[in-house]
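Please find one structure pasted underneath; my questions will follow.
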Amino acid sequence: MLTAAAARDRFAATRGLTELLAAPLSPEDQTVQSMPDVSPTKWHRAHVTWFFETFVLDRFADGYEAYDEAYRMLFNSYYEGVGPKFSRARRGLLSRPGANEVGKYREFVDAAMDDLLAGATDDDTDLLTLVELGVHHEQQHQELLLMDIKHVLSIDPQGAVYRPDAVDRSVTSPLTWTDCDPGGQVEVGHDGDGFHFDNESPRHTVFLEPFRIADRLVTAGEWAAFIADGGYERHELWLSDGWHIVGEQGWTAPLYWEAYGDSWIVHTLGGPREIIDGEPVCHVSHFEADAYARWAGARLPTEFEWEYAATRHGRAADAGRPFDVERLQPRAAAGTDSLEQLYGECWQWTSSAYLPYPRFRTAPGAVGEYNGKFMSGQMVLRGSGAYTPTGHARPTYRNFFPARNRWMVSGVRLAADIADA
Amino acid sequence: MLTAAAARDRFAATRGLTELLAAPLSPEDQTVQSMPDVSPTKWHRAHVTWFFETFVLDRFADGYEAYDEAYRMLFNSYYEGVGPKFSRARRGLLSRPGANEVGKYREFVDAAMDDLLAGATDDDTDLLTLVELGVHHEQQHQELLLMDIKHVLSIDPQGAVYRPDAVDRSVTSPLTWTDCDPGGQVEVGHDGDGFHFDNESPRHTVFLEPFRIADRLVTAGEWAAFIADGGYERHELWLSDGWHIVGEQGWTAPLYWEAYGDSWIVHTLGGPREIIDGEPVCHVSHFEADAYARWAGARLPTEFEWEYAATRHGRAADAGRPFDVERLQPRAAAGTDSLEQLYGECWQWTSSAYLPYPRFRTAPGAVGEYNGKFMSGQMVLRGSGAYTPTGHARPTYRNFFPARNRWMVSGVRLAADIADA
Amino acid sequence: MLTAAAARDRFAATRGLTELLAAPLSPEDQTVQSMPDVSPTKWHRAHVTWFFETFVLDRFADGYEAYDEAYRMLFNSYYEGVGPKFSRARRGLLSRPGANEVGKYREFVDAAMDDLLAGATDDDTDLLTLVELGVHHEQQHQELLLMDIKHVLSIDPQGAVYRPDAVDRSVTSPLTWTDCDPGGQVEVGHDGDGFHFDNESPRHTVFLEPFRIADRLVTAGEWAAFIADGGYERHELWLSDGWHIVGEQGWTAPLYWEAYGDSWIVHTLGGPREIIDGEPVCHVSHFEADAYARWAGARLPTEFEWEYAATRHGRAADAGRPFDVERLQPRAAAGTDSLEQLYGECWQWTSSAYLPYPRFRTAPGAVGEYNGKFMSGQMVLRGSGAYTPTGHARPTYRNFFPARNRWMVSGVRLAADIADA
Amino acid sequence: MLTAAAARDRFAATRGLTELLAAPLSPEDQTVQSMPDVSPTKWHRAHVTWFFETFVLDRFADGYEAYDEAYRMLFNSYYEGVGPKFSRARRGLLSRPGANEVGKYREFVDAAMDDLLAGATDDDTDLLTLVELGVHHEQQHQELLLMDIKHVLSIDPQGAVYRPDAVDRSVTSPLTWTDCDPGGQVEVGHDGDGFHFDNESPRHTVFLEPFRIADRLVTAGEWAAFIADGGYERHELWLSDGWHIVGEQGWTAPLYWEAYGDSWIVHTLGGPREIIDGEPVCHVSHFEADAYARWAGARLPTEFEWEYAATRHGRAADAGRPFDVERLQPRAAAGTDSLEQLYGECWQWTSSAYLPYPRFRTAPGAVGEYNGKFMSGQMVLRGSGAYTPTGHARPTYRNFFPARNRWMVSGVRLAADIADA
């Protein structure tokens, strides 16, 4: 639980980072929705504000009056318990409020939050709990904002730039593995100490067999070899649904890769450039990750294998490089023969479906819609990515997306049974 | 044919009006494409500029270098002969170039055109012909710009305003008719004197039987009576395809009408307001116009009946009220027992399919794609509307849209056979 | 108007022909609906029976009781005035009633009709009018039945056979033309003497300029040359909507043509075989017909040019070869330097939209839905085809289909202006 | 492993049952595909025959020549390794081969199989393994055949009958529960003794917490109470994807239920009739099962909880009522305060995603496509249903379908944590 003072700090820092991320973007950039999964930047900026208004100010700030009653509906994402919501697939059709007006909305709510938090004490646990949730919620949308604007700018046939990126051309050493022998029963899930989302709990026991896990992520160079070996043309490597999508969508490479002679151009937030062999491959779907693993004679880890390995063999989530708006592209591994790249580069697909943990219960009321109702038809990713803000990564964090999605910073870490690794 | 001096004036005036029309719109407003038929405002501003670049500057301005080669593709609408084009349905996914950058593009091309026209003489007929075409082309897009932004702003659940509109609450007198007896053979189509589009020619002979034509347009109040009498619920009033769309789309009123107690709210460029009984109904499809006419015991005129009546019994196209950006809503008829509202209020659906006139030939080259290739699957509208710029209306003008479209300023003038009117 | 005796004969003959056409088809063949436009054979057999039940027996046969009340809905095609109808696109999902049960339904209605007609006299004009309509209605469905089963059998990768066809390998002489100078005003439409559909009237005056019309239909060999010359790859030949479909559907040849080395295999009711150079091309859309004409430096005739030419320069509709179930493929022209192949080979696309004639009125009641409500979004074809039963062709007959349809026996006759033919 | 003698018996019995199941169906019934998930009866009859031809005769019968080479493609379901396949969604568009011809194909393959098996000994383990797989494969299709024909016949607005069903009107006693305390680690999966599919192995350890499981299935009467309590209208009961489908598809009750005054009519293979309170509800999706469980204050069991309970507390899979073609509707529970209805009534949705077991490997070659490639995007059902043939049920059997599917005989057994049951 945050103290009141910490809540003030975290609130201010988080709100500030959102604006920093939006700063390079024109009003037009902030308006476009390039596919139904994507939300416009100005929508993200407004929605996270709506969250504080709806779940904090309405409840704790006496006499609070909404900035604009219409925003109740416009910026509700998926909370059925709060009331009607504007169609998700049509967010990009709304020109108003514009980016500046959203800025005023943010200022209005920030001022009201500042007033409220100025009078808060460490005993205001209900308030502080929801402020902390709101901060983490806004961090999730910071990552979404970057994912989404990357997709928006990729529509531009000229290759639009969000912000020039410092390119890291490090080479990568050959793949090594870490052997894990959990000895049977293992405790997984969050132990309740510190912030976590409801889907990370309850902590519970699972049974794990011995396994190996790769010390680093699959690289772009390795992926190019997979492609060259017919990876996207051999049905026997693919799950049936994945193979269907390969044909339907004409997939021949990760999202944002485009063939360029014998090499590949990749669209990044810094604009288009050639791939770098040692950088982690990203923007692959679960289906591609699974097919690659099969091609490589390995498999994806389960989410619990990943968590076990990260907890026992990895460095702390905050021990990696800090979030850096000038280095938003995943970098090559250092290559030290130990478990690397757990956090801060690419989210890592697991072989686990996103399902509730034993004894999981959703919270009552609309805030209970945060996670639980999405526990169907998605796969778990673990770790964190280059777009994940500082302080938002944990070994128990469960990210989740449908198996066909590719616009996240999603990469691949291999695993194998001990017997045949 | 324009003189060189007139071309300079018309060019400057037309370019200026486009910017005046865009002036009330934010960068966000100018970016959105609310349905595939709609184009973003900034796209319109750029495309008409591309037209001058492609069909005038490239050909006549020695050493002209394009402002940006990428715009060749981005702002090509449908000219297959010019090269590739950016997908029409995805124009709203492009955030760049932004509205300001498009302004710079316009200034660049305007300067090049000014230079070119400064040196032109009245003998430069090829040049002047294409400049005149470009001016009329831009006028068409001025009307489209207004139609499109009206649709964009209608997405806003709060009813966004383009520009406050001076509302005219005149009452309308009862419907009267003008009898027409063409006496058989009639010459129709443009006689070649003055500017016209290729689809208005060749002038040719048609045979017309005696008919009556309504002196004014159908009003919103009359349309409300049609609705109240089950107009949208009685299959026997409708063409089969129209009846299918009524069910599929759930049509119960014209586009932009919303039930409000016992009355109707209509979305206008001045924002939402109640309908006014005497104002012409607009934003109806051909199917609705046809069903209304059947309900009223009448029919729609053919395009040649309309042209005959307008030529022999109507006032000149430029004798009506001038285009006025502060009065963009069609107004009630004056009610003088003669043929009114031919121009400047609503385009008027006819019962004629949009087909080539006898001996019609398209021009060679890409400019020949202007009209001819669209002569399929559309219906003709005649007259002009409240969004049509001054100087753009003629009795022989053929506007055309698919029978199901409703986002134009389309209204209804009735006709009848003499025998049973 | 038929006499009572003639009505009995025509009724019996027509009902018998339907069963003859269905005879080669298994219950499975009669069940399948291979696309939404197609109806299963057993549905056709039942629907035409329903027509007599609904429009004749219910009205004229005292005490008539329906064979099965459920059939009222199952076999209503599009008559909103009669009551609910089973979804057209789902006709192929109904296994029951089966083909045999439909046979029993036909026998039941035939017996009731026989009883009714046995007591009819020539004065029973209302009855005889509707029986005649029912006969012509069933003839239309005989043609549809053949079109539809051809499409059903084409799904079979092995090339299923309806009935072995006697193949005519005649060669065709070079194309000649007939000059027509109508001298201005021409009367078109049915003069009211003998049976006709309502859409062929009223007879009225049109104005025609001099024109030429091709003496025979475009051949398969000529079409192959069009393809070889890039006919399906050159946008400038196509109407915009047509060009869009070419890309969307991947059209590279007429329906039922499949490339086979340097030649083409065509699916016929007699099974697959190579094309014959001299046979008329068929199964082309209006868009293809129009593009071909443009490629050939010609155009399609209007429906009134066709009617004028057929009336003044052609042989009578019944002077051609009789309908022959063993020769269902259009044959090569005799090549006698005069207007040939007007009837009995391929329906011929015109450049005319399907619209009502001046003063056209639909009949009151459900039978008025027969034609009028479809006068939108379709193009007129004239003549008749190899599947058209004897006695069903007339110079004023207006067949109509959407411009993109191809499963009819639709071919191409060229026309040209006199000035540039 | 079957002995050669047993293989002969099982083969003959299984092939005979398929024909018995198809016997009440007309050729038309056997042709229709009422939705993409459904296959026509005659396709099932042919495909299971193709399986023996492809995986047994081609490999083991010297000199075997295919009945028809075209069937290789027509009746391949999803085996990419075998070659091309006819589009699944278009199976209902094929009228040929017809039902009789498929019968001949079956006879031909049966004769070849009889010859082959006549000469087999118990040492022909490769052969016997594949024959046994083919028998179980055909049993799966027997169940699919019944599911599919039920859907086909449901299209008939009159409520077609497959075979009159003996209706059981037993009442059901109140719900009781069985407490299970697995004590932590539990072995699950098939132990390798006797036939099983590859997806049931390897046997492995999981960790289970104490739980309760309902002694019987949820009844139709209980489901009606769920509906009456707003079950399909309360978003808070539903997973997000489920709630979306409820709105999109307009679900208000299980598949095949139709409101009838205050009660419900249900379509069965015996035709339509009112629901019986005590019969198990079936034809519900995973989403509905999950929502119901939430409404009931319970949850679905995991597949391992189900397997544990069935193994320790249930009767053997073959101890229930035998498969009976005259009693194809699930029956009410006997109500003996112990775990009932595990087999032979409804498949039971679990909360487990269909994923590979630890160390799972697919078999090499096309036969390895049997199960593994479908381990994505589906949920596990356990037990067996009223359409499952005798000898086809096991406690380790994993059935699987997408969460939105409803045309299986799928029902609901509740579970709960011990703490709050």
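A few notes on this one:
All chains are identified by letter, namely A, B, C and D, in their written order; residue positions are counted from 1 within each chain.
Operating definition for what follows: contacts are C-beta pairs under 8 Å (C-beta built on N, C-alpha and C of every residue); 3 or more make two chains touch, one makes a residue touch a chain.
These figures come from a predicted structure and were not determined experimentally.
At the far end from subunit C, in terms of centres built from Cα atoms, lies A. Each chain gets one centre point, the mean of its Cα atoms, and the points for subunit A and subunit D are 38 Å apart. Chain geometry summary: the mean Cα position of subunit C and that of subunit D are 47 Å apart. Distance from the subunit B centre to the subunit D centre is 60 Å, each centre being the mean of its Cα atoms. Contacts with at least two other chains are made by no residue of subunit A. Chain pairs that touch one another: A-B, A-D, B-C, C-D.
Residue ranges on subunit B touching subunit C, taken from their complex, read 78, 80-81, 184-185, 204-207, 209, 235-236, 238-243, 286-287, 290, 351-353, 355-356, 358-359, 373-377, 403, 417, 419. By the touch criterion given at the top, residues 26-34, 42, 70, 73-74, 86, 90, 92-96, 98-99, 152-153, 155-158, 160 of subunit A touch subunit B in their complex.
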